[in-house]
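Below are structures written as structure tokens.
Two complexes come next, and they have one chain in common, subunit A, joined by subunit B in the first and subunit C in the second.
Here is the complex of A and B:
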């Protein structure tokens, strides 16, 4: 009877969390007042899957809890209950509680029974408040411990004659049923033949059973799981209402053997729109992606065979076809690489989908009217990047909601519509994904930011800064403009962490703001962490790769641009800006072909909003490089973010610009960092 | 020292060594290589491959014996020059200069590291009882990385404790010293 269910448990959790996400999304989409039955159905199915699953796995607390929720949803679906804002909010809380419960169960931690009980009671109360829900009254008066399926079941169990041959014993089944509740058994011996004709190895008896108590349908199903095929079985709830629920979502009780695999597939077809797991170690890859990879591999094989045929009898007259073949090969490999990378890609929706809820909750809490508009939810990016960008995004959105967007009164005064708009945009640009958080709020208060920055000792008071520079001040560690610390933001542990997180992903953050018009935060991220667009530069014999994302331009200096500050190092003038020069060979060693700043090249790079000129011998090609870690076999090297393998098989190091700058500061302080002997 | 000897044995021999019971012939195999006319041995099970010297990519701000990194079929492998490591006289790399690629155990799992040596000579069988404790060489050689001495037919072989020798701490100790120097200077 016992199957090791634990192997399916992880899948159950994954699917449940997905279900919860669906419920949340749909709940937020639900228009108060007019219930869209399709939306409610989706929510209902998600809830039902969780209930069913948790029952199967014996997670009764979850099953009980979901049951009440389901009842409420069912009434909404049948139009017996109005979709009120109160109900939606309560359901959202319920989703939260469920998520907490499932997380606690998954991690084997204590359930917050107080919170569960409170929410449970609220649900009950809401159910109670409607007279139309008389059919489910019995759940209302039951305590928290025995809510779900607190009803009686009528089970008609008529085994087929060969039941014993399959190794099953009805007595055991009856005993098991008895453990589920109060059992009334009536035996039906009408099929019993005369004693002479009785074959002791065959079964002729049937039973009519009444099961009272808190048994769930799933629990009963499980009891009969093994005999499902060997008997005529009908399980009916004594209450018609409960039967309706089951009949719709689970028309026939399925044998356990099948429902293990099928139960999951029904869950996926019923409740899941094509969405993949939000956070798990596995990825669901669309079959179209797999197919396209297979196609490309096919083409690659064709190209390969073409080339090998060509090679068998090669002479100079065939050079052109060889070149063509090589081009084909290059194209194939590049496409294949892109497709394989795409397998790791997921739509940014996964990072975005939490925001409707966040905005909903926060706008209520802060009494602001905010409309969230999202575009480009289908823009894809690497799964690893996605997981890490979530928190910084939440932070930016919270900041916009709290600091950026004004109260309705203030907006009215300023002649703006009372409802503020917060936009989340995502799109691809070059090899990057760009995510924008735009609000039409008050914009950054430049005077206040500057004053605060001076007060916090971040900038000297007598300095003149352009607005853009002032905006960048908010990215500095420890900066906060909030006069009061709210629970939303203002603790000053903010933007610098966001910037650091984004930078650790190889991305950048830009701030734009216009007083009275709002602000815009632009995050630029590489599509993947495994591949980087790099510019190869050389210093003497050595090649280094500089990430293209940090390069602004490359220039050849003329002597009038140079400005050598004694004791402070070298700077150059670029369009009214004086930028410091770092000689790559000073920091990394090596013997450059030239030490004359005018002979070599200057690569202008940006990091932390600071521009510097990086002095190198010359520029070589631009190419995509695969990032390899140095730490795997050695250790992290300051100023180096990794290594890559060039076309000729040699290794080139990838320069980490922020690391390089801090390393360079050490070097200028001590003179050339000596190689230790 | 006896415990050090034990660690030099492969795991299947270890119980024998610690018990002090040794069966003749059941020894550990060591790959021996030559460095400035001296023979050194590394446990053969640690050796992944032996390859000829190829140019490496220098890594900035690392100890000098850290020659650089090499692409070994897609893996980036750091290469250590053993002559420099042991403060021996440096010689030009020749066609017989070889890199022994070893797998080294550390807290963070296994790492792959290459050693540049003059030449590879032999594989020898050494039973635990033929491993002698390391005598004190005075100051010329740090005996910390030598787990024992074995006598093969002609000469003596110094058995290296590669885990200790090539631990990251060991390899960064010197560069950190210079970093510290830099830090203290910059803070002034």
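Here is the complex of A and C:
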């Protein structure tokens, strides 16, 4: 029976990468000096699994490399070795190298044998450097070699009374010996007690055996390997000198060691089957999620069959049942949709888990003391959103570490603890996930930002701006305050890229900062990109969808609320705020039923903490809409985030509220009315 | 047909063991760690247990100890999958009641040969 081992490789890679993540996380959590044994055990276990799997699935280079790592971890686990910073850093590098090796093997690209060798040697060096003696044991089997020409073996086999207690069976052993040659069996029942005293669960029989043929000593040892501690065993070559062995006399040969030594020589030349680079296109879904979908599909089928029975003989007297059935159908569909969406949801931890390492490495590099605190790692969001938020998050964290957090000396001068704290928080709020990056560093330097913005021609020099508006300047394209390009950030790829990425996910970024106290970046993202709760509004013949989460209220204006400033556009007063008005028909065209602000409706929407009023004809229903990309199907339009198909088959455009608000900002900031129709 | 409980926290090893055994006509129950295995073993008639040693929640040695304490498992063969290069783990496993071991890395043929040997 031959089994193609490559079919298990993909699973092996996936779990190995997970194992590496675990190792990395736990290594970073290790307290140098007084390491928690459970943590070391977890790291050991991950390394151990990778070693076992790679050996089994023929990835000998990986098995060999992991073996050295495992030895080191084993010594730490047994307390034979101190957990030093040096060792932890080397292990982290080892994790990186392993990840590269596995990636290279998976994508069938060249292994970086130089780097592997260097790390391998460093590990060996570290192993040799200590008092510990537990290095790879070379097993010497020569002493066990069979005297050549042995024709037969005499075996005396007397199991101890409790042989059965480990599930072993002398009959199995005898049967196995029989396969090695011609076997003569003499039973010794002298130890058998009186029947009354006999405990059937104990073993009393012994055997004197003659094995004739070509059997090697090793093969015989192998047969008794499992029971050598549970019997009195003598194996003698019948024609040679008696060689007496008792149970614990000799160590077991290590087949594992042997295969690894072989592996070492073939590792670099092993041929791999070409295989298409596997992108991470699969997701792991908890069985409970799948079960609940199956359950709901069952419900749906029941409702469907009920409706079709109803349809076979329908008359108006059954209209109530029909309505009920439809309601049931709607409920089922909505639940099913929710559950299916849940399948795509993953904990934000997948995006967060790279940060402990990043912070660890960067704080060492920059000579800063930084403690990373993360909360809400289990908050779930859509997989696609997760994949796209990773890079913006890294950018924000790097910025905080580089620009925000001061050196320990400066912090001390400012009367702050020398160790800075960087927080990553995630939580759900409404239909959004909120991610915060908070540092207790110096905060944004408002004067410098303003001066730079003026210098770069982004704002006029004579303008007066509130601190909050100044903070927003850093989000503008082309803005950078870095005096020099550092290794860490400030390469000129500015915050505007971060903002653009977040906007493209339908999210927003908020900046908060207080000089001397730190800064906070808040990312708000929709939980999913596929579906949105929308409010349908109409302007003339056209329907538009406004995302429900951005709507604060809808009001009918009265003339005393209106305030029309010449050259500055229209505003209205809502309680104590003056808010700009945007007429949807001005932005998107079309002929509205009314252009009188008093007659139509104003939908007050908010994004990034700013509010505007959208002037529309009337409100229609609220419903969940499936978002279709306008860019893919047509082209990108300012102020529109997508399109959807309504129940009657017509197409409605989905209004991009953050986009519209920034449009209105340009209007109020520059005083020029910019129409993009 | 004989029913085998295969316990390993590594999905790829579990798949390999299970696939191999099923291919040879055995019935296989899979478990991800000792706790899971113990739960799945209760009230089921099994002919053989094959367990990894290093696992979270409950390791293979504790599992074997716990299983041996159940009357129905008193004489059931239990094999450890071990990569430990020292004999220590093997002794520990034997002391807990393990019948024997299969040393990793192993190939499907070796696995089947060992299983056949034990099940007769």
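A few notes on this one:
Note that the second predicted complex is superposed on the first by the 379 of 677 C-alpha atoms of A that agree within 3 Å, B and C clash if a C-alpha of one lies under 4 Å from a C-alpha of the other, contacts with A are read in each partner's own complex, and residues count from 1 in each chain.
Definition applied: contacts are C-beta pairs under 8 Å (C-beta built on N, C-alpha and C of every residue); 3 or more make two chains touch, one makes a residue touch a chain.
Not measured: the values here are computed from a predicted model.
Residue contacts after overlaying the shared chain place A:653 against subunit B, while subunit C stays out of touching range.
Once chain A of one complex is fitted onto chain A of the other, the partner contacts of A:632 are limited to subunit B, with no touch recorded for subunit C. Of the two partner chains placed around the shared chain by superposition, subunit C is the only one that A:164 touches, whereas subunit B remains out of contact. Shared-chain residue A:48: touches subunit C; no touch with subunit B. When subunit B and subunit C are set side by side, the one touching more residues of subunit A is C.
In the superposed model, A:189 makes contact with neither subunit B nor subunit C.
Touch criterion not met for A:464: it reaches neither subunit B nor subunit C.
In the superposition on chain A, the residues of subunit A contacted by subunit B and by subunit C do not overlap at all. Those residues of subunit C lying in contact with subunit A across their complex are 9-13, 15-16, 19-20, 23-24, 52, 54-56, 68, 74-78, 81, 83, 85-87, 90-91, 94, 97-101, 103-109, 112, 117-118, 120. Subunit A makes touch with subunit C in their complex at residues 1-3, 5, 7-9, 11-12, 14-15, 42, 44-45, 48-49, 51-57, 63, 136-137, 164-168, 172, 175-176, 201, 225-226, 229-230, 251-252, 254-257, 259. If you check the complex, the residues on subunit B that touch subunit A are 55-64, 68-71, 74-78, 111-113, 168, 171-172, 174-175, 177-179, 181-183, 185-186.
Residues of subunit A that touch subunit B in their complex: 542, 587-590, 628-630, 632-635, 637-640, 643, 645, 649-653, 663, 665-667, 669-670, 673-677.
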